[in-house]
Amino acid sequence: MVEVRFDGVTKRYDDGTEAVKGLDLEILDGEFLVLLGPSGCGKSTTLRMLAGLEDVTEGSIFIDGARINDLPPGARGLGMVFQSYALYPHMTIRDNLSFGLRMQKREERLPADEIEARVDEAATMLGLTDELVKKPKELSGGQRQRVALGRALVRRPRVLLMDEPLSNLDAELRHQMRGEIRRLHDELGTTTVYVTHDQIEAMTLADRVAVIDAGVLQQHAAPLDTYNEPANDFIRGFICRHIDEMVETANSLFTQRDAE
Amino acid sequence: MSTAPTAAATAPHADLVLGWYRPVEVDGMVSLLGVALIVNLLLLPIEMVRGADGTLLHGLEVAGLVWLWTAARALARGLTGTTAPIVAAGLCFVPAVMSLRHAAGTTGIAATGSGLTVWALWSAAWVVVPAGLAFITFSSRAVVAWSAGTLVTAGAEAGLARNSRLRPRIEQAASHAGLMHAAALVLIPVVWILDVAISPGNGLGGSIGDAFTGEHFARVLGGDSFWIWLRNSVAVSLGTTLLGLALAVPAGYAFSRFRFRGRDAAMFSFLLVQMFPGVIILVPYFLVMKSLGLLNTWLGLILAYSVTALPLCVWMLKGFFDTVPRELEEAALLDGCNQAQVFRRVILPLSLPAVAVTALFSFLVAWNEFLLALTFNTSNDMYTLPVGLASMISATGQAWGDFAAASLLVSLPVAALFIVFQRFLIQGLSAGGVKG
Amino acid sequence: MFGRGRSHPRWTLLVVTTLALAALTALPVASAESVQDITFDEDAAQYRRVRLTAATVPGAASYEVWFATAQFNDTAAAMLHSTLLVGDTSDLDRPAAGSGYDDCWVDGEAAARDASGRVVVAATAGNWTCDLTGLTPGVAHWFAVIALGEDGAPLNASSPIHAVTATSEVVDEPPPPPDTTPYLIAIGGIALALVATLLVLRQRDARDGRALARNAHAYIAPALLALAILTFYPVAYGIWLGFTNAHQTHLGDNAFVGLANFVTVLTASGFLRVTAFTLVWTVINVAFHVSLGLCLALLLDRADLRGRTAYRTCLLLPWAIPSYISVLVWRGMLQPDGLVNDLLGTDLDMLAGESAAKVAVILVNIWLGVPFMMMALSGALQSIPQDMHEAAKVDGVGDWHRFRHLTLPNLKSALVPLSLLGFIWTFNMFNVIYLMTDGGPDLWFGEPGATDILITYVYDVAFRDGAYGLAAAWSVVIFAMLVAFSWFYMRRTDATEAVA
């Protein structure tokens, strides 16, 4: 039962700017939550606070009822996929995947054959078996993205964090990876927190979506609920109108085609 | 006391927090004691040089620190309680205090009266301070509670919060301590030479800051030699800069802009020359210059220095030209300028900063060079500053005071120039050079 | 015996004549035994030296040459210039003129020398000639030669000293530069060859239709010419010199001696010792430069460090201050009455003992070299991507492991060329050794001193002994060592980089 809870979380920088203001959010066990919002709204900061890479100025974050504010990132049992993948350029893919497991303290380290087994498992799951001996620079963008995913998954994390993982890929690949990510989530059942600015990704991937603007949570509901029952003008503009315009453009293209 | 955060099942919260929590002071203390141990081990040979009593006491200090460090590490791993390290810390004080009293009792060499020299104080400090900090740390409430295992979840959580507050401060303090030692090592000679320059008499001796005089500066500036050397250095350095730039600017431009047959070979030959050590060409250089009558002249050194600095200058300028967008030149070419006009009217004005930095670099290379100047110009009125200054400290007569004054006059402007422009110099050097 | 009666003038005459004859025969011997007849060869006078010839005296065990700037008739008013011994010369060396001592000849042949370099004249020799050096030019000097007996006292103590005068009028003219034609021909040849090559390349480019680069060769020509004439040519000339017997005393008159110089170098008794110390010196220095530079770069890397710029500026000082000044300052600080002894409360001359001097020069060079490494590694540290570290943090990798497995491997691409550069620079670091100890303490006569590294020893051979050919051979050997090392180093690090 992995529940994540944000309780009045605020992030304030030295110069007074507030990236996140009083965030209250609950993420259910096994849920796929998408943090959606325009650039600079504080969604990445929220994710990084959960990961432990940023300090929490006010409020608390709980995982399973345990307050983790000051716990070091490595102790929280999380896995994270970075936007830039952050692969280790000088290591093979196999070493990339097994690095975290190999560097645990001796008392907690898994035996070597188990580490190998997990790496192979992740590689099979993500279709990377042929790439294990190569180095990151020999891989395509999509493959690197999958390595980043695999690295996060080998540790069997309690919560999987993803920071705009698909934004560096082209449209076709993005489409394909979206499906894979959702499939993996359904297969493994890991609680996932996914950050994006793309409304379509949010709509197609999320169990629930949390829309943030200027550090303030605007609405937290299932995707279609935000479309059908927008909580405020921002949602209306950002989600409803955006989707409507897209459908309109698609329709007019179809009408043109049918007319020809 | 540890859990596996990578376990698939969620770990009970209490175990998680308690398992991960360790007061950051403990880790910090273990590191500090390790460093203190290494420092004191390095000081041991110096103590041996100073004398037997000091060695014995210092040996005891080292032994105490070894025990303290081992105890601290055991504490960090949870193998012992806090009693052992506290006792060890206390015991470390004994030889340290004894060595201080011993030093105070003996007579020092310099006019400090007692043997309580800077050395004695500093080396004792490296035992007393770590041991004292260890004593305080290991007897603090937080550490004792943690070590005794009587911590509850709330206490561990509070401890974690404390850790995240303390950690940056401890790391900062450690950084400052390390950097201040390095800075002291660097500044002590500077302070000393300042003192020698303004102390009366041409010998050494006397402590820092006793008497002041301007006699050395007066003698150096009033005599002929310094001005002759200065004149020679300025002439040679300016000549080197001008000639070097005249050679390097077109070459750097050509390497950057043009693709021509032989480009790779030419670039490689510049690189190769950069690697030639001076040793292989010193003797033939000397003989060629001698036979051409260029010894004891400005031209000889100018030629030699221009070529020494040439590869690096070409490298720096090429790196800079690479960053100038070609579109500017292409626009000028389309406007009807020919290549030479483009170079003069578009490129040169833009590249003035880079040329200035390269010029500075050339100038400094020539200004500071010693070996070639020593070999080529052997008569006093053709000495450059380096050779001239070195001649003040020869086997026959050592005029330390005058030398110090002359050194300050020479090195302060150079160092100031260097520091003000260091960022550009380093940028320029790495633009083509070291990376990858 | 003598009869009474009339006086016998014939007897008196006989006695007087005998006495006179005895006196006559004795007198020349007596005067010849103490004061020699000496002559000067005006034609052979050179700058600061005159050539003296004296006849030998039977019974002399040694000769002393005395001189003063005024007429003297007592050695108390003069100074002893040289001493020549009389003895058995059958086993002794006869070094040729110009070997570094005052040149002397006995009966026209090069004089024999004993182990300390003093001239030994055979008892049967007729005369000896010596070049007396060290005289003030243009000033008249008076010379006298005294023959001494076995006991060290003049053979005839009562014979008066007559000093003879000689002046070295010769002005210090540098010897006319040896014929420059061969050099000019060589340089001209190289220049022409280079220009011709560039023209040909330019032709080919034009033919291939690369019009835009038309004048590229003209742009690089001056720099390449300078390189060719002032670097490649001296290198080639230096290599050639190693095969000749070039020496200061016969400039321009070099004979090809094949591998003789190289054999001398490789079999010289100090060769292994000076090479070993050079390697020890270099390796220890580079190791500390890199490690201490890395430590300081890491300390300075913290973004939140207050006073970071101030620290960085301060730590750059050893690089900013001209190195010869820093070295001399340290030398002063290490004197018995210098700062280091003051602080330690001792009275030691740090540069006098063999090991102490070695440690001292190494420590000073470390002080000099760390700032450059610190700056270079600082730049390299900043170019390492940071998100890699964040990913490792989330994965629970500790600080030390992150440094060892993430930072260090990514620094390797900078560390490899930096350490190679450092190795080459330190290997040839002339200033520190020359200005701190001049290679001393000098415990082995004629060999490298305790702190000599290869380049300072080459300097001594070339410019103190004047043996240019031998020095050039040393240089070639050193260069070969450096090339071999660099090649192996690059091979090894490139190979491991390709695999890793």
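Order as written gives the chain letters A, B and C; numbering starts at 1 within each chain.
Just so we're on the same page, a contact is a pair of C-beta atoms (placed from the backbone, for glycine too) under 8 Å apart; a residue touches a chain by one contact, two chains touch by 3 or more.
Note that the structure is a prediction, hence the values are computed from the model and not measured.
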item	value
Overall pattern in which the protein chains touch one another (line/ring/star/complete/other)	complete
Of A-C and B-C, pair with higher C-beta contact tally	B-C
Chain A and chain B: spacing of chain centres that average the CA atoms, whole Å	45
For chain B paired with chain C, centre-to-centre distance based on mean C-alpha positions, whole Å	31
Rounded Å distance between chain A and chain C, as computed from the means of their C-alpha atoms	71
Where chain C touches two or more other chains, by residue	396
In chain B, residues with contacts to at least two other chains	5-6
Touching two or more other chains - residues of chain A	72, 74-75, 104-105, 155
Touching residues on chain B, where the partner in the complex is chain C	5-6, 46, 49-50, 103, 108-110, 112, 115, 117-120, 168, 171-172, 175-176, 178-179, 182-183, 185-190, 192-193, 196, 203-205, 207-208, 246-248, 250-251, 253-255, 257-263, 266, 269-270, 273, 275-288, 290-293, 303-304, 306-307, 310, 314, 339, 367-368, 370-371, 375, 386, 389-390, 393, 395, 400, 403-404, 407, 410-411, 414-415, 418-419, 422, 426, 430, 434-436
Chain A residues within the chain C interface of the complex	51-53, 72-75, 78-80, 82, 84, 86-90, 99-100, 103-105, 151, 155, 161
Interface residues, chain A side, partner chain B - complex	1-2, 55, 64-67, 69-72, 74-77, 101, 104-105, 107-108, 110, 155-156, 158
Sites on chain C touched by chain A in the complex	385, 387-388, 390-398, 401, 405-406, 409-410, 500
Residue ranges of chain B touching chain A (in the complex, touch as defined)	2-8, 10-11, 13, 16-17, 20, 157, 160-161, 163-164
